[in-house]
Structures are given as structure tokens and as C-alpha cells.
Amino acid sequence: MKSINKVVLAYSGGLDTSVIAKWLEDTYQCEVVTFTADLGQGEELEPARRKAEAMGIKEIFIDDLREEFVRDFVFPMFRANTIYEGEYLLGTSIARPLIAKRLVEIANETGADAIAHGATGKGNDQVRFELGAYALKPGIQVIAPWRDWDLNSRESLLAYCEQHNIPVENKQGKKSPYSMDANLLHISYEGGLLESPWNEPEEDMWLWSVSPEEAPNEPTYIELDYRHGDIVAINGEKMSPAQVLAHLNQVGGANGIGRVDIVENRYVGMKARGCYETPGGTIMLKAHRAIESITLDREVAHLKDELMPRYAKLIYNGYWWSPEREMLQQMIDNSQRYVNGKVRLKLYKGNVIVVGRKSKDTLFDESIATFEDDAGAYDQGDAGGFIKLNALRMRIAAKKGRSPLK
Amino acid sequence: MKSINKVVLAYSGGLDTSVIAKWLEDTYQCEVVTFTADLGQGEELEPARRKAEAMGIKEIFIDDLREEFVRDFVFPMFRANTIYEGEYLLGTSIARPLIAKRLVEIANETGADAIAHGATGKGNDQVRFELGAYALKPGIQVIAPWRDWDLNSRESLLAYCEQHNIPVENKQGKKSPYSMDANLLHISYEGGLLESPWNEPEEDMWLWSVSPEEAPNEPTYIELDYRHGDIVAINGEKMSPAQVLAHLNQVGGANGIGRVDIVENRYVGMKARGCYETPGGTIMLKAHRAIESITLDREVAHLKDELMPRYAKLIYNGYWWSPEREMLQQMIDNSQRYVNGKVRLKLYKGNVIVVGRKSKDTLFDESIATFEDDAGAYDQGDAGGFIKLNALRMRIAAKKGRSPLK
Amino acid sequence: MKSINKVVLAYSGGLDTSVIAKWLEDTYQCEVVTFTADLGQGEELEPARRKAEAMGIKEIFIDDLREEFVRDFVFPMFRANTIYEGEYLLGTSIARPLIAKRLVEIANETGADAIAHGATGKGNDQVRFELGAYALKPGIQVIAPWRDWDLNSRESLLAYCEQHNIPVENKQGKKSPYSMDANLLHISYEGGLLESPWNEPEEDMWLWSVSPEEAPNEPTYIELDYRHGDIVAINGEKMSPAQVLAHLNQVGGANGIGRVDIVENRYVGMKARGCYETPGGTIMLKAHRAIESITLDREVAHLKDELMPRYAKLIYNGYWWSPEREMLQQMIDNSQRYVNGKVRLKLYKGNVIVVGRKSKDTLFDESIATFEDDAGAYDQGDAGGFIKLNALRMRIAAKKGRSPLK
Amino acid sequence: MKSINKVVLAYSGGLDTSVIAKWLEDTYQCEVVTFTADLGQGEELEPARRKAEAMGIKEIFIDDLREEFVRDFVFPMFRANTIYEGEYLLGTSIARPLIAKRLVEIANETGADAIAHGATGKGNDQVRFELGAYALKPGIQVIAPWRDWDLNSRESLLAYCEQHNIPVENKQGKKSPYSMDANLLHISYEGGLLESPWNEPEEDMWLWSVSPEEAPNEPTYIELDYRHGDIVAINGEKMSPAQVLAHLNQVGGANGIGRVDIVENRYVGMKARGCYETPGGTIMLKAHRAIESITLDREVAHLKDELMPRYAKLIYNGYWWSPEREMLQQMIDNSQRYVNGKVRLKLYKGNVIVVGRKSKDTLFDESIATFEDDAGAYDQGDAGGFIKLNALRMRIAAKKGRSPLK
């Protein structure tokens, strides 16, 4: 077993990570530093502080990372119209590299030689935490108790608590049957009845959005202002990145927007069912494509589209802190120089409908595109030569007997 | 000017192509053969026949191509989850290669040395018709009157009709202000007030779907059966490809599904605004991803996703009959061997919601994915080595001073 | 520790795998089946048989796999012009999936429940053997002694031999300081002084080729006949795949062709220095590009070029038996339909010089390409429109102030 | 016909562009400005000045662009290991955008409204000149006389000269039968007996290099110093970009290095035979890969390799000044941050052999890669989990009956 002096634990304040804190002390005879982040998950952090104190933790870090999260992680990702396997907006994936970074920073600050997390050995999150930590601090030790210990059921965890005097709250009401994760970008659900892909989720599982059925009968119109590919104002009101996302979550959720229910391919090799609510992200994806549609060069847009799945995969698999992600990011960021302007949206019962886009940097040229007289802006005769030369290789092939028409 | 003996004209029976028929005879002193296809555009073809006869056309071809269209063009395209620039389902693009093929076949049959079409010199359709024709019959002559003549307004067309005794119907009601195209996959709208991307379309423009607001307050559930990536039955009832698409258009349109409003990048170099209704296609795209999500290998799915934008671009740009499209198609088709099973959907006011997917060829393995005890199906300890080796190159780089954390 | 009844060992007859055979028996109390393949490595296999018999092995498999190796592995790979990281012709990588397949087949035949190999835990070969085995027989057990045991030096191996009465040959001459691997495609060298990338290899390391300096002063001309992308005859003489490669190795090696000296990126995360001799493969790569240059459509060729690095990486990393490799292979194979014809080469002191290529399936059209009068085969006027429309998007952008010229 | 006031002509001083100068004056009644560039083609430019003066040209621009050419065009391209269709180092392609830029700059300076060039309507160069000009100055007029006039043979050009008093030099010796182009990166040959791809070039065609046969019997060793991916010194001597390339051309040509003989696919749709001498470029490509092999992250290197064919195609097709080329360039340039160090090469009779590479930014870690005891730097046990999880999806598939082994 590794020799550990001090370990920084990603600590939620819940049962699992409380047990882990104790288990780390016992197992490694080491000091434990807790780190709890506000990423917009909508839970108060003070109870986590109190609980850590109650367990005798001496170094307790509690950070509000909401602005950094949206500004440096969520927004850059949306510049690429990122979506994994056609459906998943990467709400959990994009938060992990920030947590990894803070764990490492705190380790550096406190002189810890290890980090620990509460992710299981079957999921993607362990990979995302650990790849990030290794990339940022190559000599760091990583402890993932779920891969090591034998406390593999809720019962054994509770027994451990009793044995070690870890306070367990009296659960009010039932524990959720789902494994959940939340931050400003989304909330996720796994497990329980979702483990069969044929089962429709129960309506009361969803926490962040009303169903389309329950959404208002009147549409909501909003206008988003873009600057370099990021939203900087809503309905004319300037907002910080976290404010933007919080606002869009609110208005999106109220209109039944952003539910996703998929089977996805995990990096560790298995397929898994996941349900997600991403109200603001769903709006952002649609709107960003709209502002790009008038401001981006065609070939730049197509190159972005072709590289996007690879970029999404990097984030999903935990390679945010890799040089290849950084390389793609620079290309993506640079493409956003002229992605400025305004998008008008209609939100209605689950639908995000683009109803207008305009920009002083538009490349849409009405004088050329028009069906009316274009006053010579475009010479239709050019098209003949364009087609003929594009066809030439196929005509030569057909003459040599390769026509697809037999 | 080219010397032409006989020309096959893609003939709709409308004003433009009627003028073209006459203009071809006059200009080239050649025989005109008309070809009118039923691609599911929802118009009767007999009037086109009568009009052609009235103009003295001797060889009149009227074909019902609906099954061939869906079976050999639409379905293969949907196997790739094809979408152009993130939004456009290629409804017009995918019909053009079939028309090009029939034009060439009829030219071969009738001994014609040219084909002609009514597409303008600014659009994509001229490219699609002509690339197809050249690839299939390299010596064919192509006449595109809109690029050549000086009848550039509706007024000059009507004057030409009067001058040459071409019958013009008494228009009942106003002419649509939009340029439209329809087939079983979609109906499209361009021009008019759409020429400003800031304008929201008027509700009465849309012809195939009700608005989400007008759609029923009760959801519709349907089940689709897939075989090798194609839908073969709906709600347990076997259907032909064209029947499938017609049925999905009906049920989709009734539920407010499939409206798209975008600015797209044309192959000829300009941006253009287009609105589309693709009710069945919208359902098919979502459902196909769902059945693939449980039956396709992860890396195969990702490879498909990365190549899709390029495949979509080929179809959009008119390269259906190119060897590179065929090459990609074979790869795509082959990937669908195990894409069998059933998808259950909820359709509601513009939303297509996947609520279940199952397959005897599923790769979803509950025994491994479960949060419960997996009886040893997966060894969590493997994850440590997996992560460590994936991190190795980044750890070495960080040790050499390249950590992204400064 | 796993319980094993019978294990199939990839057995070379050398010291390491002889020790492994004994160690497996001792450690697992299991039966050992040996499998030794002739892949053209140029060693007799009978000594391996005798040695296995001497160790009391009851089931001994010795197979001549040369034709299968070249026909089903080497040739398909060369259809893609495959090269890893711009330099490495994948000589070792491409042999491993065939060995994995035979190990599994023999396991099926003999009722073995495990396979074992002598590859170390640092290299790519362990991955290639094991990914192949798992893909072909998912329940197989894999034993990789180098990852498990403590016999980590030559001394401890020799001590083990003495202890267990394993016959060790009296080494005649010195043992090579390099770790080597050979088959019909190449011979490789690693370790020793090569561990510093600044060291030039010693001339006497190279075994298969003379140096360019030592090669004949007169060039050798050869003609290769291709059918569907594969060489079927040399200098007019029909040959089997293995005969082709053996012949090209001979003539290439005699002319100083095919030495490679690189630092490559291993799948397990480290950089490693390797030297390779691939005389025949070097000739085949150059010649195949030449026959494709006149017979392949431009866009098909470019698509192949763009996908090649990914295909090479799959083979390098051990994913030959994966569905994504199979998917790419089908695309590649299909592209070779018209890759027929003849290539003439000049071999001289390390150089492979293409001096002629011809084909009845050529797409090279002298009547169009000529600088002389082309009798109207090509209308130069078409180029103006071609350029204008290709430029349109950039002209619009420049008008909007985006000209790269400031 | 367009109305033109003043035109900037890319003027070589040769027969063709002299005729063009006169023809432009006659045809458009416009003023002609000549622009002649020294790109290292190895011809004196003063004769071009005198000839332009003799024809009465008033504005004559003669620029030495050698440093700009190598620094801003050749070197950036080599950072990507760029090669078109596996063989062509883009010597002509990369010079055209610089000429286009200078033509536009001179047009801006002199108030010209048009540019003209002497490229034919069948080649790539017209596209490269014109795409560049349109991208940089969207309102520019372009005149390409070879597409417009009827002077389609050498005889008619000479007759035109006599008629218009254009001085024609007394040819000393025979005119070369080849169409040639040269600059610091290469010299090219097309036409003549090369029009048949089965013909071997005559030895006396090649002007820049000796044949491998004629090259010295002793190898030449050189050391190249890299900084951010560019060569900054040779054998320890600092050199400017143009000096580097000139030096490498000299030493490469003297050692028989850099001849290429290919059939390539032109952008305008035909296949064409070309022979090239690129001595310095051939050395640079090999050496750059070598320095990258120890300094570049694996995934960055692979991403570069996958995008390279597309980047090469952009340059070949004339899209240097496009936003997508710029986008890729930024990504490529950024990847070169750590591409520093030294490469040692052996040049011998056509061979470029890497015999050493070292760098203070090396990622090659001997302590990990070694076959000897690595003192725990790498835990071989990690490989088991790495392989198992990478195999998981294939094992699941095989269990479901999808094993490739039937």
C-alpha cells in the first residue's frame, strides 16, 4: 500500500464521502483535507463544512466556482456546438476537470501528496478526475476507495458509520432511487428503473424542468446577444457567464426544455442509460448554431462540424487537460472572432425555435441570395463552368466504363 | 450554341417548365421529351400529362418513384444519421440524384442527346442535377435555361406564354410568395420575407404540419421496428419504405413535428435562408440514433459520427453518384448489420421523445452496467491500470514542465 | 489467482518462452499446449518442436502461416498505404492478430481455457495479443507472465532453467544486444544502444539488408502487376502473396532498401526507439501509390489518405479484430476494384524510384491533360466560373472587412 | 468585355507574358504594370526589367521575396509535414499565394483595377492566383488571357510578336520540351514525353540534382537546429529561412536527393504527370518528423497526421488565403511550441537517413522505455487493466455472437 501523508478529498458532505474521509484516515493514517465546490448544484455548502468539522477535519476548503465553471469550461465547450453521440451535452464531464484542477491546487497549497474521490470503478468520472490530476501534477497519488475497499453496499457503509461515529442524518422521506449529479449545466439520473432501456422514466424523477405537458400554453420569446461566440446579454441585459446559464436554466426549465434520455457508451467500455436535464444548455446549443449560421464561413463551419465529435469525445473521456484538447480549443476559439450578434428564440413546451438572427458581422448577403433581380451581384453563367469542372473527374471515369448506371 | 436533336426535360407541369419546353423547341429546333415524377410531392400528375400533350409533346414520361425514392435514397441516407450543418435533413438534396438518374435513363431510352431542367443558376439544384447526369452519362448535353435566357421575371415568362400560345391556368387565389419544393421527405420554402434572417416566418406559410400550439394536447405513442437500420414496421404493422415515411409524415405533422428554419451555406458560395417541414424525417433521425445506441459498437458509432458531416456535404453538394459517396455508403450500410430492434416514441407538440429501445442484438449489458452487485462481471480494479496508462504520456509531459497548471 | 486447466502458449522455442512453459505448469498446475508459427521469420521450427517435446509438452502445434499472413493481413493493410506516424510500416503489429487468432483456434480445438504469451508489460504486443484474444473468445483467460512473475532479469531466468532442468543451448557467439522480432514483412530491433535516440545504429546490427553503400552500383528494374490493389506477378511471373513478399524482400534487401530508424509513440503511453528493415514493404508502399495514382478517383484517394492514419493507429494499437477496423477495411477493399495494372520500378542503393505506371483502368486522360491542342476535350473557359464560385464566400467575407490583407 | 483602366501583370520576362503585356494594352486599352518576383528561381531579374522598359511599361515592380517566401509560406507549411497525395511537396502551390498577395498590394498601390497572369485554363495555378486575389481584394478584376484569346500555339505567339514589335531573343540552343516552374522550394517539369505515365524521364531533364548514381560515394552528415518547428541553424551556423533552404537545396541536390515523379490529381478535375526536384524540402520533411518524434505529444502528432491531407489539399487547391487554412495553421503553429532541438542526418545517394535526434524538450523518457530495470518508473501490472477495459466492448459483442471468428 502506498504511504500517504495528507490527502485532499473531493467532499460532498454526503454519506459516501463522509465514510471515505474516515476510511482514509484509518487506512492510511494520514491527514484529510476536504474540498467542497459550489458548481451551481443547488445545495447549500455550510452543512458540508459543519460535517467536516464534526469529523475533526482541520483543513476545509469550500469554493464558489460557478463563474469559473461557466466562463472557462462550459462556454468554451459550447463554442464547438459540442454534443456527445448526438445527444448528450456533457454536463457531468465538463465539471470534472475543474474539480481535478482545484484538488491539485489545494494539494499544492496544503502540501498534500494525494487526492481522493468518491467515484466508482465503473464510471467515467474516476477517469476524468484522475487523468486531470495526473496531467496537472504528475507525481500525485490518487486514491479511489470504491475500487479498493470492501464497503460495497449501503448497508456496509451505514455499519461503518456506526462503528466509527460518523453522524448520519435522519433521512426525511425516501432516498432517491437514482444516482444523481448536478451543476449549473445539468442534473443527471442513472440507475434504478433506468437500468432497463425499455423503461420510460417516471415523471417525478425530473427535478429541474416541468414536462412539456405542464409547461405554459403561451410561448416565451428571448433575445441573446453574442460576443465571440459567448452569450453576454439576455433580453438586452448584460450578464456574467454564470448568470446567463442560471437564467437560461430557469426559463428553459419552465418551458419544458432540455430533457434527454439516452443510452451512451462509456469510456470504460460499457453502455449505460442516463437521463439528463440541461435546459440552458439545450437553448445555448440551438442559439449558437443560429448565430454561427450567419457569421461563420462555410468551410470553417464544416471543419468545426467534422472535428466536433472528436472534441466531444475528448471531454467525455476526461482529456480536458490534454494537449490535443488545448490544440482543438485554440482553433475553435479563434473561429469565434466574428461570432457576434443577436439571436431571437421562441421557447414553447419543450421546443427551442429560432425565429431571428442578425449581426453586423453577418456574411448573409441579401443582394446575392435574393430571388429578385440582383443587379449583377452574381453571374449565373459562372455556374456552368463550376459544375463542368467539378464533374470532370466523374465524366472521365464514366467514359472509362465506371458509370454507376449499369 | 450546341446542336441538340432531342432533349429530356424535367417537367413539373407548371408555368416555368412549360415555358422552358417551348423555349427549347424554339431555340434548339429540337424535340422535347417530358419527364414528370411522383416523389410524393402531393400533386396529381395527370394535369402535367394533359398540359404536355396540349403543347404537342410526343414522348411523355410520368413515373411513380415513391418507393424507389425512399428505399434507395432516403433510407440509405438516414442510416448515417445525416444532417447538414447541424439542422438540415437534406429533403431536396436527396431527391435530385434520382431525378438525374431517370433523366439519363430516359435519354438513353429515347435517344436524346441532352437533358434540361428548370433550376436557377444561384442554387444547389442545378449542381445536383448536372453532376448526376455527367457522372451517369458523360457525353450528355445539359441545358439550364435560367442560366442562358433573358426571361428573368414572371412578367417576361407570361409574355412569352401569350406570344407562344402556352396555356396559363387562371390562378385561383394568390400565388405563394415562396419558392417551394416538396417530396415525400419534406417541403421547403425560400424567398419572400424569408430573405431577411431576422424575420419570423408567418404561421400560414407552413403547409405540412400544425404548429406545436395547435397540436393535440394528448401525446401519441408509436413503436418502430428496425431491420438493418431501416424501419420495417410501425406499431407492429409491416410497411414498405414509402408507406413508412408517409405514415410518419402524417403522425409527425399532426403533432407539430419537423419544422426547421435556418440559414445554410450553399455549394455555389452564398448563404441562404430556408424553412423546411420534415415531420417523418425528424422522427426517423431521433429513432435511428436510439436503436443504434443499444446495437452499435462504440467506435463504429463514433467513426460514423465523425464521417457524417462529410457524407452530408457530399449529398448536399450533389455528389450522390460519386465514387466517394458510394465508398462511404458501403461502410455505413455494413455498420447496420445488427441495427435491429424496436424503438418506442412519444410525440407531443413538436417533441420527439424516445421512451424505450430494445433489441435481441443489444450490446447493453445490464449485468455489467448495474449499480447493484454485478457478481464479478466487471473488475473495478482494472480501472486503475486503465487510467494510469492513459495518463502516462501526460504525466511524462508534466514532469518535463508542460503541465497546463502554471 | 485464476484457476486454469489448460493453456495455449505462443512458443518460440527460445529461452524466455521455455521458461514460461515450465512456470505455467508449476504456477497453475495446468497443462501447456505450445503453438509455434512460421510467419517467415527465417528460423527453423523443428528445434522448437524438439525442445517442447523435451519439456514433456503433449500438444504441440507448429503451423506454416506465411501465405495466410501475407494474403489476409499484410496485403489488406497495404491497400490503405498504411504507415504509422509517417515512418513505421507496422511489421510487428500486423503479425500479432494472426497469432492471437491461432491461439484462440487452438484453445477451442484443445479445450484450453487460457492463452499465454511472452510479451512484456511495457510494450504494444501484449495489447495486440490480448485485445485479439478477447475479441475472438470473450471468456478466455490470458496469462502474461512478464507482468506477474519476479524473473525480471536474464540471470534469474537462467537460474530458473537450472533449477527446473530446462535445457539451455550453449550460445555460440554473443547474444544479440537487441530485442528483435521478425516475420515476412520485417525484422525489428530495440534496446541496447538504441535506447538513446542520439545514437546511430551500428552497421552490423542490420541483418536483412546491405547498406546503400554496399548495394550494387547498377540499378535493378522490376515490374509489378496489380490486381485489385494486390501484387499478383513480378516481372511477368505469377506469384502467391508470400512469394511476392519474399521476392521483394530479397531484391529490396540486396539494393539497400527498407531501413527505418525512428522514435515511435507506444499505445501504453511511452516513446520508444525502434529500428526496422522492411525491404519488400517499402517497395510495395511506393508502388501501390503509383498504381493508385492512375486508377483511383481523386476524392476516393483523398478520403483514403485522410482515414489512413486512423486505420494505421488501429492496427498499431492492436484493434485488428475490432468492428471499426473491419468497417474501414471494407471501404478500403472496395476502393481497389479498379486498382489494376503495372508499375515499373528502379531500385538503387536505398532508393525505390517509380519509372512507369500503366493500366487498362487508367483515369489518366492524355487527350485532356496535354499541353498540346486537345481538340476541344476541355473548355478552358469553364475555369473562370469554377474559380469565381469557389471564391464567392471569400469575396463576400472580404467585402465585409475580413480580408486577410490588413 | 470588362472595362479595365490599369492591370498588374505577373511578368516573368519570357515570351508568353511579354505577349500578354502587349495583348492587354491592345485589348483593354489599359495601362499595364509589371510585377516580377525573385522567389529563388535562379534567374536574373534585370533582363525582365529591361524588356518591360523596352515595351514601354511605366510602372515596373521587381521584388526580392525570398525571405518572405520561406519564412511565411514554406516554413509554416513544413510545420505540418505537408505532402499532397503522399508524394508532392507543393513547391509550386506554396509560391502562388505570395504572388497573389503582391499583385493585390501593387494594385492597391498603383490604383489598378485588375490583375493578369500567364497561367493556362487547364492548370491549378490560375485557381491559386485568382482565389488569392479575390480573397484579398474582392472587387478586383482578373484577366487570364490563356482562357480568352486565340493565340493557342507557339507559332501564333511568335507571329503576334512580329506583328507588334515585341523583341524575341535569339534562342541559343533548343527550347526545353518541358513546361517548368522554379522557386527556392523546387523546380517542376511537365509536358513533353512526360505526358505518358509509362515513360521514364530522361536524365538530362533534371536540372537541380545529380542522379543518385552520380552522387558522391561518401555520405554527408549535417545537423539541423530546430526552434518552434523551424530550422534556425545548420551545422551550428545560424541562418535565415531562405539561407536554410538554399543550403539544403545545395547539399541535397549534390547528394541526389529530392527527385519526385508522379501522377497527381489537379483541382480542375484531371490527372497530370509531374516531375519535381525538391532537395531541401525532402530533407526538411524527414528531419521535421524526427524532431517531432521526440518532442510532440502522441495525440497531438496523430491529430496533425489526420488533418495534414486536408491542409495539403487546401494549399494545393489554392486556398492559402482562406479562413479554414488560417484556422488549421494556428493549430499547427501552436503545436510547435516545444519542437526544439537537434537532428542529425546522413545524406547519401538519394537517401535522407536520420541518425540522431535530441532535445531539451524531449518526451522520450529512457528511464521508462528501457528494457533494463526501470526502478519502478512504470508498473507493468497497470497494463492488465488497461487492456481489459479497452477490450470490454469487444468482449461484450463477442458474447452476443459477434466474434469475427466464425
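We just call them A, B, C and D in the order they show up, numbering each chain from 1.
Keep in mind that, in the parts below, a residue touches a chain if its C-beta (ideal position, glycine included) is under 8 Å from a C-beta of that chain, and two chains touch if they have at least 3 such contacts.
Being a predicted model, the structure only gives us computed values, none of them experimental.
With steps allowed only between chains in touch, the distance from chain B over to chain D comes to 1. Listed by label, the chains touching chain C and chain D alike are A, B.
Taking each chain's centre as the mean of its C-alpha atoms, chain A lies 40 Å from chain C.
Computed from the mean C-alpha positions, the centre of chain B lies at a distance of 42 Å from the centre of chain C.
Centroids built from CA atoms put chain B at 31 Å from chain A.
Within chain A, the positions touching two or more other chains are listed as 265, 268-270, 297-299, 322-323, 362-363, 365, 368, 378, 381-384, 386, 388-394, 396-397, 402. The residues of chain A lying in touch with chain D in their complex are 265, 268-270, 297, 299-300, 303, 319, 322-324, 327-328, 330-331, 334-335, 389-393, 396.
Across the complex, chain B is touched by residues 297-299, 338, 361-363, 365, 368, 378-379, 381-386, 388-390, 392-394, 396-397, 400, 402 of chain D. By the touch criterion given at the top, residues 81, 85-87, 101, 104-105, 120-122, 126-127, 130-131, 134-139, 142, 144, 146-148, 152-153, 179, 190-191, 195-201, 212-213, 217, 219, 259, 261-265, 268-273, 289-290, 293-294, 298, 301-302, 305-306, 309-310, 313, 321-323, 326, 344, 346, 348-351, 353-358, 362-366, 368-371, 373, 378, 380-384, 386-388, 390-391, 394-399, 402-405 of chain C touch chain D in their complex.
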